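Dropping the structure in here first, questions after.
We just call them A, B, C, D and E in the order they show up, numbering each chain from 1.
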Amino acid sequence: MNALTLLWLIPLLPFMGAALNGILGPKGRHGAVTAVGVGAPLLSLLLALGCLWQYATSVNPAPFQQTLYAWVAGPFQIDVSFLLDPLSCIMLFVVTFVGFLIHVYSAGYMAHEGGYQRYFVYLNLFMGSMLLLILGANYLVTFVGWEGVGLCSYLLIGFYYEQEFPPYAGQKAFIVNRIGDVGFLIGLFALMGAFGTLDYQRITAAIMANPDHLLQPYALGLSLASFVALFLFVGAIGKSAQIPLFVWLPDAMAGPTPVSALIHAATMVTAGVYMVVRSNAIYQLATGVSHFVAIIGALTAIFAATIGLAQNDIKKVLAYSTVSQLGYMFLAAGVGAYSSAIFHLGTHAFFKALLFLGSGSVIHAMSGEQDMRKMGGLAKHLPITSRTFILATVAIAGIPPLSGFFSKDEILGETFASGHYILWAVGMITAGLTACYMFRTVYMTFTGTFRGTHEQEHHVHESPASMTVPLIILAVGAALAGLVGIPGKLFGNEHLNWLHTWLSPVLARFPEHGAEHQASSATEWALMGVSVLVAVAGILVARALWGRGRGLAGDQAFASRLPFLQRLFENKWYVDELYDRIVIRPVKWLARVCWKVIDVLVIDGSIHVGAFVTEITGDLGRLTTTGNVRNYALYFFGGILVLFALVLL
Amino acid sequence: MELFVFSLFALGALVSALAVVSHRNPVYATMSLVVTLVCVAALFLMLGAPFIATLQVLIYTGAIVVLFLFVIMLLNIQREEHSAPSGGAQRWAAILMGFVLAGLLFGLFWRAHAGAEIQPLTEDQVSLTRLARLLFTEYMLPFQAIGLLLLAAVVAATVLARRPDGRITAPGEESK
Amino acid sequence: MDTFLQLLAGNTLTRLIFFPALACLPLLFIRRDGAARAYALLVGLIEAAFGIGLVWANWGSPFPLLRDGAPLPWIPSWGIQYSVGMDGISMPLVLLSVILLPIVVIGSWEGIHKNWQGFALSLLLLTTGILGALLALDLFLFYIFWEVMLIPMYLIIGIWGGQRRVYAAVKFFLFTMAGSLLMLLAILWLAWTYKEMAGAWSFAFADLLRLQLPASEQAWLFGAFAIAFAIKVPMFPLHTWLPDAHVEAPTGGSVILAGILLKLGTYGFLRFALPLFPQASQRYAPLMAGLALVGILYGALVAWVQADMKKLVAYSSIAHLGFVMLGLFAFDLMAWQGALLQMVNHGLSTGALFLIVGMIYERRHTKEFAQFGGLAKVMPWFAFFLVFSTLSSVGLPGLNGFVGEFLILAGTFTSKSIALRGVAATATFGVVLAAVYLLKMVAATIWGPIKHEENRSLKDLSWREKLLLAPLCLLMLWIGVAPEPFLAPSRPALAAVLTSYQARVTEIPVNTVALRPEAPLSEVALGVQPPGPVAAEARQ
Amino acid sequence: MSPSYAVSTADLWSIAPEIWLAGAGALLLLLDAFLPALKRAFTPLSLVATLGAGWLAWTSVPTGPSFHGTLDANAITCALTLIVLLAASLALLASDGYLRREGLLSGEYHALLLWSSAGMTLMLRANELLTVFIALELLSICLYALAGYHRRIAVAAEAAIKYFLMGAFVSAFVLLGIALLYGETGSSRIPEIARALAEGKGSLALEALGVVLLIAGFGFKMSLVPFHAWSPDTYQGAPTPFVAFLSVAPKAASVAVLIKIVAAASASAPLAPKWSTVVSLLAVLSMLGGNLLALVQRDLKRMLAYSGVAHMGYLLIPLASLNRDSWVSVLVYLFAYALMNAGAFAVATLLFDKPGEQHLISDLSGWGYRFPVKSACLAICMLSLGGIPPTLGFLGKYLVFLHAVENHQIWLAAVGVLASLVGVFYYLRVVYVLYMKDEVKAPVAKAGDFLGNLSAGLAALLTLVLGLWPGPVLGWVADAVARLG
Amino acid sequence: MIVPATWYMLLAAGLFVIGTIGALTRRNGISIFLSIELMLNAVNLLLIAYSRQLGDLTGQVIVFFVLAVAAAEAAVGLALFIAIFRHGHTIDVNRMNLMRW
């Protein structure tokens, strides 16, 4: 039996799981809910593995496209169809695998929370949408998934709806995402207009057949390729929380921690990267926009890293870290290293999911406390959690041979090789900062003395197996995932970088545009050394400031030496406030003006004035009917004279 | 001679007409109307309409004016009351517009008919027979209709003048 | 007359139109509220069955045009005919109308406290008016039905409405009346022009379509039609009656008003104003598209700052119908498909939203956001339906709203005009604003802690209420996931109208009125009519 | 030459309806005097009179001139006669209950109403100015008396005296107009006047003045602005059921004469275009003035009086471009107006049962539920008056506007549209007061008034049914106009 | 010298205008009515004058009828004055304003 023919079931199964749990209702039995909620992703995972196996083992794998039905027919046909190609294979694996683990973890983490069933409905819904996003064979299906995950993000961030903040955070996430989606949509429209289709393969084929078509001037002084690339990137900015639309992601931490791991670290936020890579043919033709992407990525990376330095909420730190890492991915995509972007996406999925789940375990142990200032010395209470967490931290810091090292280093190497030295430098500094703030987290959480209340201390315990087992599995992944992308050049064997080879069919090659950057292996080695050194330096700084049981002293030291920077970082560069002042308030003011002035005063006012004038005219007119018959006779007489005058004239 | 007679009656008619419209006491006004009517009747005579002149005197002065006097006496109206001030604007507008109309009529009549030759009276024109023949042939229908009109007027007058409880009495009695 | 009665007895459009009106006669003698209500539901269900059956029976056919035999003379002296027909353009709206009818009855089940008899009468007459206006193929007939809709709606708002119901009802009436009187003049002018040209009176749409008018005449005639329809839609700046009408109308009234009545405006543009005045509509397309854009953004902005749920939804209607108008004035098949679908979508999602607002209003007798918050805790089903309908209204992919908006915007963006590209791009921001104000509504009502003690004891939706919303939500999902079955029947009709419209646009303008040659009846109704030799003669 | 004084049979048949009406009136008077026990049957009897007269007008009146050309009957006059008699019938039906309630039931009322109808039917057929004048006086005198018929209430007397003084004053002007036309053209027969005008005989200015005076005189009867001021006072004070007649029938008869006069005056080439201007001015003033003043009325009857003014303005629109088709619009409009206006007053009779008090619209608050059928009738009449489909009133407006469009006077139609927008507002006010307000005044319980209900119901039903199925009415009217030759 | 009919016409016009002004300025209802009678009489004079000028008797016929009409009007009018006097004890038209506006 050909597993590929069941490809469509992969996204459908979680949807069905969600529907089933939805029908079970809030009163559904715990076991049943778990069975459905975790079972559906498991089935998806198994099916996905089957598909991947089938796909990978087929000779000379050609992209597999499966069309279910026509979403819209007619001259502008858009199908509901799925595509399995090397890129979606990677994504499929990451999403189903990490997703399943997080489902398992959730079963433990959420076991005692209210709304257990609702949680799994949302989470399954998310899995379905995410799979739709990555398996979609055209931009539209991807977009459906794209917004679907946005919705789930909204629902899950606002999961604790009885509090004030989470619903607000969810709303913010949704709206900010939507701003990006507008860009995405406009990009789609332009594609639709240019190619009459949204199908990936057909568009790529059309571009390859006639690249010059895309270089024609289109609108806003941009070529078609640049226009599309720019607007698609706007979508990516929103979804992947890049400058300037990153503000939603830190707030999104209001949701349950597994959600943060799954959605706001491993999968959804990387959709932007996926989409850019998916559209690489266009981006390759839009060199200017690609530079822009790289710059945004680099800026976001360092910017978020600085904020990460000054956060006290463990999840906030991880959130900014995610933003920062996503910046790396865009940096990679911007400099044309698409496979590096996907590589980092994959490794990041593992170690960041692990970090989040670890933090979830910590929070679980701390009875919901998220403030690192109240933690400390947890390592001895949480052996598995602390070890896996530290492993992931090392991975993200970029210490070989853990996964983060390979992927991050590949990005930096490609950046350097492509001649973006400034961006490379920024990336390097960020790497140092990353190592620094991540180890700050580790030190503040796991070392030193406990700073929380006694009650909390009393309750601290290691999490159940359903939570720790995923941690361990992810830790293995975080440690080893880098091996799929060993920099082959160093060893003179390009094919050693399996991922690069695997993905190469997906990447368009334009003879005149895509000159491969070649760096000598000596340079590569040197760069690698530098990045390791930087990471180690970052760790040492962290250790100096926060390590060795110094607790909060490091923060105070930082605050007293650089009060301005500290405040700036702690308050996230005041971006939220800035938006409030320059966007939200003026628009709200405008809205009030529209309502109170234009609607009420001008339009209704003029109508009321019209009515009033009419009525006043009538009121004045009625005064002519004096009741005195002599007046009436006079009107008659006057009327005659007027009429006669009219005739005489 | 004819001019003199005309002037006399015309003047009489105008003066008495002015008296009709200006005298505060309705009784005097009514009496002045009699004078006007008689003067106009005389002019009818001069215009060769003796039958109409007779009717004028008989019906108007003999019947209508008497009716007026009767009602005025019945209602015991002596003078116009002064309590409610008469609207000045109404008065002046009326007079102004009256003059406009007068000017118009005078002008138009003068322009249309000044110097029109007038034929001497013929027998036919003063013939009562011819008048009667007209009445009974060409104007048969109005003649019949006027019968109904008069009947209706009688019924209308009785309906209106009846006391609220239906008895026909003089209005003066009820106030007592 | 006999033929008419035969039509009335058969499985025809005529029966579909007049069944509700005829059903009013027995209703005159049903004075008790309960009985009248049940009767209205029965009639509504039968009517829905008629409607669905009629559409179903003709689904397989290419659906060019379903007519009730030949046109019947109605007022022969003026060539006024009783002529009705359904094609792919009116079909979705007819279907929506008949489906909404029983839903409105059930939705008003408890909300209408007095005089159910009158309410049912108004509702049924209104339905006749709506269906008639949707199906009329004679402009006089159309006008009659158009006006027939007014009175029942006026009564529904004015009798069963809220505090300022009379103001709202009168405002609704006068606005609409002002527009339609202008349209009446234009219709008269058209008919007279036709008489001058062809020698006989006719108000038949097919006949009037043959008129080829000079630009100046087209301009004012189009203006008259456009104002009438724009008020109904409503387009900025003729929209201010809508928020008042919605806020004051009872739930059922709001549902019908938003669900169907507003669509008559956009339908009027598509069916009459554009084909009749191709060059004028082309000339004023930038203006109309611009106003549509303003409507989208303006409606959204104003909706955002409302404190009343119904007012918010009302302003959202302005924004949503702005999309429809934009689609219509893109003159692109995809955009038109989207516009037509969006009319249905808006009927479903806004209808559902009004029902939901009505449900909470029945419980709390207020629609102010400030009075709610945290209802998800006590009313999970309510929360579910509210979120679902809101998402549909927001245009979330996978639900119906997205399909319409996507097709409209994509069609507008990809149409030939460069300026429209900018308009479409700007209009896309309406999607963000939709999220802003609708999520504000959701957040303010169901999320957060419960702030008012009286909200703690609220009952969740009853079976009746769930049953009411379920079909709507199912339809939203269905259209969102697989819209093609809903698009396919209308495509040939829209394509035909568009083709002939474009053929007319490209005709050489005439200086005096000319008459195009006659086209086969079925095609005429669709607007298919390539310029022929007569038009060519007129050019010389 | 031996003139035959005998009245020919044909001549007699030509006034058969009037003879029938006059005779019936006289009979009722006699019955009142000698068989007062039959009082209860007066209304049915008088209905027999109107219906019989209608039947006679329909079947027996020969077309063409009679009585030496003083009368001229044709299909249109037949239609107008029927409209007058329709109004009379509706008013009689509505009167019965009122008269009984007020203890005023007597033969005089019916007789005067029948005679007045006779005057009207005569006037609209009259083709000679003296006959017109006599008929006018006949109908007027009856109307004066009927307006003041309710002896116990002061407003009725005031209504009557105002109407009377104005009427007499206007009569003098009409007479002056007749005199001028007669003197300048040498004839009092309308066709001959037309001929003389066409030939340019006489002083054009004086003839024009004569025509203006006649237009004003009949404009007064039709209560056109600025000759309208009496009508609200008179309508308010006069017995309500009688106003159902007063507000319709004299207007129908007067417009017939007006059209004849305008048509004749248009024979004069230099004057012809002026009449269009004059009529347009009157139409615009009436439409706007009537509607604006009706808008601010609180008294239902006054409101309807001003609304009547406005309606006569609409009615004049087809006269501004007078041709044969004008008749179609005029007749349909009049027919609609007769039904809906008489219907409205009939309902007002039923609802306001305190003559002499104001007929405040606000008193109707909430009565839509207390009197569902009557209120529905009133609402239908109001909507029809507002010109909202599918009522007959809409059809009338539609035809009037169509006529304007057809004759390049779309601006007039536009003014009409504007004015009717104002109109809709106050007609709707009645509807919303009926249905959308809470009751403020408890109505006095009273015995059922079958005939009154019949009158209101019939009028409303016809307004609605004929609005839906106007084919018969329009066909008949078009046929009548076609037979005009 | 034969006085031309024109002069009678002018006189009639004068009388008519006097009557009109009277009708418009008097407050007493009966005085108004008297003025109206005056107007009618003026028209009568005009008719007779025209009749004389045209040499046509129709004018006289009209006057004949007008006289009858005037009588009828007088009867009704005076009855009305009696009726109104019963209610308000006045025939001042300025005071007859129970209904206005």
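In the analysis below, a residue touches a chain if its C-beta (ideal position, glycine included) is under 8 Å from a C-beta of that chain, and two chains touch if they have at least 3 such contacts.
As the structure is a computational prediction, the values presented were derived from the model and not from experiment.
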Co-neighbours of subunit A and subunit C resolve to D
Under the touch criterion given at the top, what is the topological distance in steps from subunit B to subunit D? 1
Give me the set of chains touching subunit D intersected with the set touching subunit E. A, B
Greatest number of touching C-beta pairs links chains B-E
Most centrally placed chain - per-chain CA mean versus overall CA mean: C
Chain located farthest away, centre of subunit A as origin (C-alpha): B
Which integer distance in Å separates the CA centroid of subunit B from that of subunit C? 70
Chain centres from averaged Cα atoms put subunit A and subunit D apart, in whole Å, by 79
Between subunit A and subunit E, what distance separates the C-alpha centroids? Give it in angstrom. 98
Taking each chain's centre as the mean position of its Cα atoms, how many Å separate subunit B from subunit E? 5
Would you give the residues of subunit E that are in contact with at least 2 other chains, written as numbers and ranges? 16, 19-20, 23-27, 32-33, 49, 53, 58, 61, 65, 69, 72-73, 76, 80-81, 83, 86, 93-94, 96, 98-100
Listed in rising order, subunit C residues that touch 2 or more other chains are none
Using the touch definition from the top, which residues of subunit A touch two or more other chains? 622, 625, 627-631, 633-634, 637-638, 644
Touching pairs among all chains present in the structure: A-B, A-C, A-D, A-E, B-D, B-E, C-D, D-E
Once bound in the complex, which stretches of subunit B touch subunit E? 2-3, 6, 10, 13-14, 17-18, 20-22, 26, 29-30, 33, 36-37, 40, 43-44, 46-49, 51-52, 55-56, 59-60, 63-64, 67-68, 70-72, 74-75, 77, 80-81, 84, 86-87, 90-91, 94-95, 97-99, 101-102, 105-106, 109-110, 113-122, 124-125, 130-131, 134-135, 139, 142-143, 146, 149-150, 152-154, 156-161, 163-164, 171, 174-175
Interface residues, subunit A side, partner subunit D - complex: 614-615, 617-619, 621-622, 624-625, 627, 629, 631-633, 635-636, 638-640, 642-644, 646-648
Touching residues (chain side subunit D, partner subunit E) in the complex: 130, 133-134, 137, 141, 144-145, 148, 151, 153-155, 157-162, 164-165, 168-169, 171-173, 175-176, 178-180, 182-183, 186-188, 232-233, 236-237, 302
Quick check on the complex: what are the subunit A residues that touch subunit B? 628, 630-631, 634, 637-638, 641, 644
Interfacial residue positions of subunit B with respect to subunit D in the complex: 104, 108-109, 111-113, 133, 136-142, 145-146, 148-149, 151-153, 155-160, 162-164, 166
